[in-house]
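Next come the structures, one after another.
After this come two complexes, each holding chain A, first together with chain B and then together with chain C.
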Partner chain A sequence: MADGPVDVRGREATPVSVAAGGRAATGAHGAAGPRQSRGPRSWPVHAALVPACLLLVVFFGLPIVRLLQTSFSSWYGIGDMTWLGTGNYTATLGDEAFWSSLGRSAVLGLGCAVGLTVIATVLAALISAGIRGASVYRVIFFLPAIAPPAAVGVFWALSFQPRTGVVNAVLGRVGLGNTHAWLADPGTALFAVMAVAIWTGVGFAFLVLLGAMEDVPVSVYEAGALDGAGAVRRFFSLTLPLIRPVLSMVVLLEVIWSFNAFTLVWALTTGGPGDATVILPVLVYKEAFQMGNFGPAAAASVLGGVLLLAAAAAGQWLGSRQTEDA
Partner chain B sequence: MSWSSVAQVGRVRRRTAFAAAAALVAVGAAGCGGEPGKPGDGSTVTVQAQSLQIPVFQDVAKRFEADHPGVTVKIVNLTDDQKNTTNAQILASGDAPDVAIVPINSTPYTQLIRAKALEPLDDVWQQAGLQQKYGGGADSLKTGGTPYLAQFDSVLYNAVYYNKQAFEQAGVPVPQNHQMASDQELYDAVTKLKAGGMDGLAVGGASSNGYKYGWMLDAQLAANAEPAALQDFNSSWQTGATQKVKYTDPEFVDSLQQLQDWQDHGVFATGHVGATDDQAQAQFTSGGAAMLLGHNVSADQIEKAKPAFGFDWFLLPGATAGKPTLPTIYSGDTFAVPKKAANVDLGKQFIEYFLTDESQSQQAALSGQLPAVNTVDPASLKGLNPMAQDIYAFANAEGTGAGWTSVTPGPLGQSFIGPELQQQLNGAQTPAQTGEHMQQHYEQYEASNG
Partner chain C sequence: MSTTPAAAERVVEIAGTTPRPGRRRRPVRRGSVLAQVGAVAWSVLCVVPFVLIVLLAFKSNADIYSKPLSVVGVDWNPANFADAWAGPPGGQGFASFLVNSFVVAVVALVVALAVGSATAYFATIAAPRVGRWVIRAHLVATVMPIIMLLIPYYSGFSALGLLSNPAALGVVYAALCLPTATLILHSFYLGFPPELRDAAAVDGLGPIATYWRIVLPLSRGPIVAVGMINGFFIWGETQVAIVLLQDPESRTIPVGLLGFQGQFSTNTGGIFAGVAIATIPVVVLYLVFHRSISKGIALGGVFR
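What follows is the complex of A and B.
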């Protein structure tokens, strides 16, 4: 029998690289032999990609080009643009409001990602462990995720009202006072938004993490149990390391989504009180549509986008390192 | 499967792929190739309307259609947020309505004027006699001497509605002639109301960037600032004008301080900075707050909520005792015709139709709005809420205040000052700092707008 990988018929199989998109490693690198993708059958494959590419160009590429163009121009939202060079970027980078909003976006993004990942992991672990009524909880935990963000915002905006809101009503019942103005106080408004973002986002993270946990082979836990590891030890030493790639992806996605949580913030506070909840997308919206300054708004969007791309790249790199470590 | 059938399937797939690609290119080309402003067929006139105004628009549309056989009026809803933000993009697009709502103090109006995207309405004004019908305020609706707007209703704002039973039970005297004479009178009233378990003045401070604080500032400026200073605040942004009174001067800061004093004395209901208009109204109608800041239409809205108490209205005090505020007049509900409208002439005809005395009278009955023209006397309108008529009668007898946020462009006034006042009332900055920020913002605005 050959030493290398063997296919079902006992022949020596060609090693396949996942990173190379499943192509034969040799062919993919073009060092030896013809590339398998070339040939009479390759062009229908490329043709099939055309619609997707067109959609990407029309709905993603062109807007990005237009955004970049706007960021280097003076534009009031309609009419002709006037080329300005890097003026909008210089002004934006020197604007305290930009840095404050970026800070709030980062706090919201990281706070939500950490908070909801911890909660979702605990919930997924409970369901994965087969607690009683798991199938019902599975649905209940996911329910907030299917509510439209605007409706969620309106519901919670009412719930946070002093005296009449359900949050204060509950606090009042347990003797903690019912006059807390959660959304009117600059010290609490962003955290109220964060709590709602966690409430609405936890369902998706829970579902993804539950899927990852249920993919861990039972034999691994059995081996752990045989080695004398208790449930908590198995969770920290087996479950968490094995779902780390999915966990890091969830954290990354939640950071990005919460960083950009315009709809929720707008429905809850419209950025107020004052600028206490003005995250970067809210600043961009206000600058563009309320002040009519589309150039600086576009520059702020581009800078925010670059930061998110960098964060995503860093997250992916960390995720891939963790995968290798695991 | 035989080789021939495989080849056949391949051909079909290739054709399908080509067809799909071609279809997408065609859709893309159609999307990109819309010809803005192409002439309409003259059979449909598209009109923007806000939800509160839809009944009157439907009524006018019905009569307009009857008088113009073959013409259909299509009413499209416009939200309050859209009206002040993204409407310029809609009106400059190839799908612009024929009649648009463009408030003179909104960002879209500034954008549309800069882009020369609105039709001059000289012919409409002449045909409908609007110069005379609008009276003394006619010229304030023009830009550079040209009317691009036609006002279709009037609003008197800064009326405070109060719970009569709560006032009586707390021992608060009824404000004489609908006016609180001094801050002390207001503070005494709030203290008594709070002792009786009621909250103070409910304000929808979170709605549309805190525009209600801009309202109160308007009333204070009109009551406190010297007429020349007020005139300067209201016009120094205009092309060619030079600022004579700064926003850091006492004429402006004193009015900011007045709002701060009320905040410090607990006049406002708990959480007012985070409450929307609806929530503030609910606080009042549910009996939680004893007072509500509103306008002439609010009386109708409060009645519809069927509160378990009677209510009346009064005006807040000015900074000087014995010199209370007046109702502030808003002329911002204005029609415009986009240059890219498909049926410009039909749109203009609809506006003329809306401004006839008959339509203006119907408007009062159907939406509670006061007429925009002086040829219709609100006191004679049977359908108008009696309290709205009362406010109108008061304004007629005592006068009205000019609203600074109503006449300055949105990016300069209303959009900026609301969040600043939210900050101030939350204790994050002093009235003097709010004035400094306003002055800096004014200078930036002037630098970029001339």
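What follows is the complex of A and C.
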């Protein structure tokens, strides 16, 4: 019923726009031409956008409001929230555990991002150079990224066991000793987590960087070769600068994801030994869902989230500024 | 001369004539040997853990510890899978995890793909200002750290009595997948030939009918790719599920698997069988569909 007039207008409008625009104009303004004529009958188009907006508001917008409310309140998981003011924030900011978990998150985030971006860049360079078997390597390198993080974590947790685990069995075979308790030693636990996070994370960075490298026209390298630039020189002065926007985006995403690598940590160590691997999401989880202190946990996640987004924005700004300079 | 294997290969590539990688036999060079060593080493690191997962899942508890790397003279114990399927005594096993994961995945994928593809398409033909804002909202949602959403999700679910409800978790996942789905499909629909739309309009189809009868059937490939990427996220997601699924009966595969660690303390074979059940299906799926998955990632797909 309501569709009637809309369709009629549509039928009228489109031939008009085609007639007015003509062939050449349609070629030049392909998208703009027909779009202008859609104004009057555009309501079903815009109505179709409503469900997505609703989902975003309900599952991203309202939760942030609710999180802020919780962070200013006292709440223990059941019953009503009572308004507290800034108490949770002052308590969190004065809490040694918050700062050390933030530090561990930062170490994990930066360490993973740098480590896996370097590995992924080298691998992508090999494949885009077309080494023999490239199409097979391309499939294999993404494999670790496909496995569920919980399964990856459980597998490596068992594999890092002293004497009995596979990692130590292999190390023992090559004469490096098989008794080290990688995850039970507070000195190595975070780095064992980092190694596993790098193992799972390389695949994604590899695929994205490979895509960027394959977008670089071959003629650029040919020109470089004609100018007498050596192969190494071409990688550093042509490939790297040309993929820098993608590279900085990959680093940024990886920092954010590793900063939040709750699942791997929970599966590998549940934050232990002691609190050697308690990164911020683990702290928030324990505080809220094991201790029932939702107020301080909410304050910690607000602070962590804001710091993370600020760091991401700063990184993005720095990245784009450098690109303009170059 | 060259020290970087990649760069050395490129010399060969430029000197040669065919731009297609890995097709021709080339003279062996120091650089390409180094490149192969590096690529093979990382491949071994990528593949061996999966081989071990399968291998260890079939071994008896004693042999998992005494000969983890052996393949001969091993006490094979396929009963591990029966243990993982039934779960630890008094607990839940994969028989129940699989059903829950399936419910969660179906709800999440149907909602995310239906809403995501419609949003992605209609954003390209909506008024430019509206389309831009909708896409921008999705971009903002992708950078939202999950850590900021956990506590509100819990309090909301608790207030509505939806804790431990897999279908409700599916709706949350649909929302978490929506930004990825919309953004990937949007970049696909931006390249959709406008002539097809105009032809449909000439034939008297309204925008909704055009979408349903012309656009959707032509975008089956990208939608499958997006569904796959979202599916891997849903299959593995743990952080939200561990908070929202409180009852052991409602747990999905990853949450249940984490529970195994504590409950199956003496049955390592059962845990490895669980790891294998959680891992091998997605690996097989990936090996079959790797082309469209890689394409989806290149178009901007992410796993959270």
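By definition in this document, the second predicted complex is superposed on the first by the 273 of 326 C-alpha atoms of A that agree within 3 Å, B and C clash if a C-alpha of one lies under 4 Å from a C-alpha of the other, contacts with A are read in each partner's own complex, and residues count from 1 in each chain.
Here, a residue touches a chain if its C-beta (ideal position, glycine included) is under 8 Å from a C-beta of that chain, and two chains touch if they have at least 3 such contacts.
Everything numeric here is computed off the predicted structure, so don't read it as measured data.
Applying the stated clash criterion after superposition on chain A shows that chain B and chain C collide.
Residue contacts after overlaying the shared chain place A:Y89 against neither chain B nor chain C. With both structures placed on the common chain, the touch criterion links A:A189 to chain B but leaves chain C unconnected. Comparing chain B with chain C, more residues of chain A are touched by C. After overlaying the two complexes on the shared chain, residue contacts for A:V58 are found with chain B and with chain C alike. In the superposed model, A:A48 lies in contact with both chain B and chain C. In the superposition on chain A, A:G272 contacts chain B only, with no contact to chain C.
With both structures placed on the common chain, the touch criterion links A:Y76 to chain B but leaves chain C unconnected. In the overlay built on the shared chain, the residue A:F160 is in contact with chain B alone; chain C does not reach it. In the superposition on chain A, contact of A:A181 is made with chain B only, not with chain C. Judged by the touch definition given at the top, the superposed model places A:F289 against both chain B and chain C.
The clash between chain B and chain C in the superposition falls on 278-286, which is one of the stretches 242-250, 278-286 or 386-394.
Within chain A, the residues touched by chain B in the first complex and by chain C in the second are 41, 44, 48, 51, 55, 58, 77-78, 157-158, 163-164, 285, 289.
On the chain B side of its complex with chain A, the touching residues are 10, 13-14, 17-18, 20-21, 24-25, 28, 31, 84-86, 88-89, 92, 107, 110-112, 114-117, 199, 205-210, 270-276, 279, 282-283, 286, 288, 410-411, 415-416, 419-420, 422-423, 426, 428, 448.
Partner chain C is touched in their complex by these residues of chain A: 3, 6-7, 10-11, 14-15, 18, 30-31, 34-35, 38-39, 41-42, 44-46, 48-49, 51-53, 55-56, 58-60, 62-64, 66-67, 70, 75, 77-78, 119, 122-123, 125-135, 137-151, 153-159, 163-166, 169-170, 173, 199, 202-204, 207-208, 211, 218, 221-222, 225, 230-232, 234-235, 253, 256-257, 259-260, 262-263, 266-267, 280-281, 284-285, 288-289, 294, 297-298, 301-302, 304-305, 308-309, 312. Of all residues in chain A, those touching chain B in their complex are 41, 44, 47-48, 50-51, 54-55, 58, 74, 76-79, 157-158, 160-164, 179, 181-186, 189, 269-276, 285-286, 289-293. Listed in rising order, the residues of chain C touching chain A in the complex are 1-11, 13-14, 19-22, 26, 31-32, 35-36, 38-39, 42-43, 45-47, 49-50, 52-53, 56, 64-65, 68-69, 115-116, 118-119, 122-128, 130, 134, 137-138, 140-141, 143-156, 158, 172, 174-176, 178-179, 182, 194, 197-198, 201-202, 204, 206-208, 211, 232, 235-236, 238-239, 242-243, 253-255, 257-258, 260-261, 268, 271-272, 274-275, 278-279, 282-283, 286-287, 290, 293-294, 297-298, 302-304.
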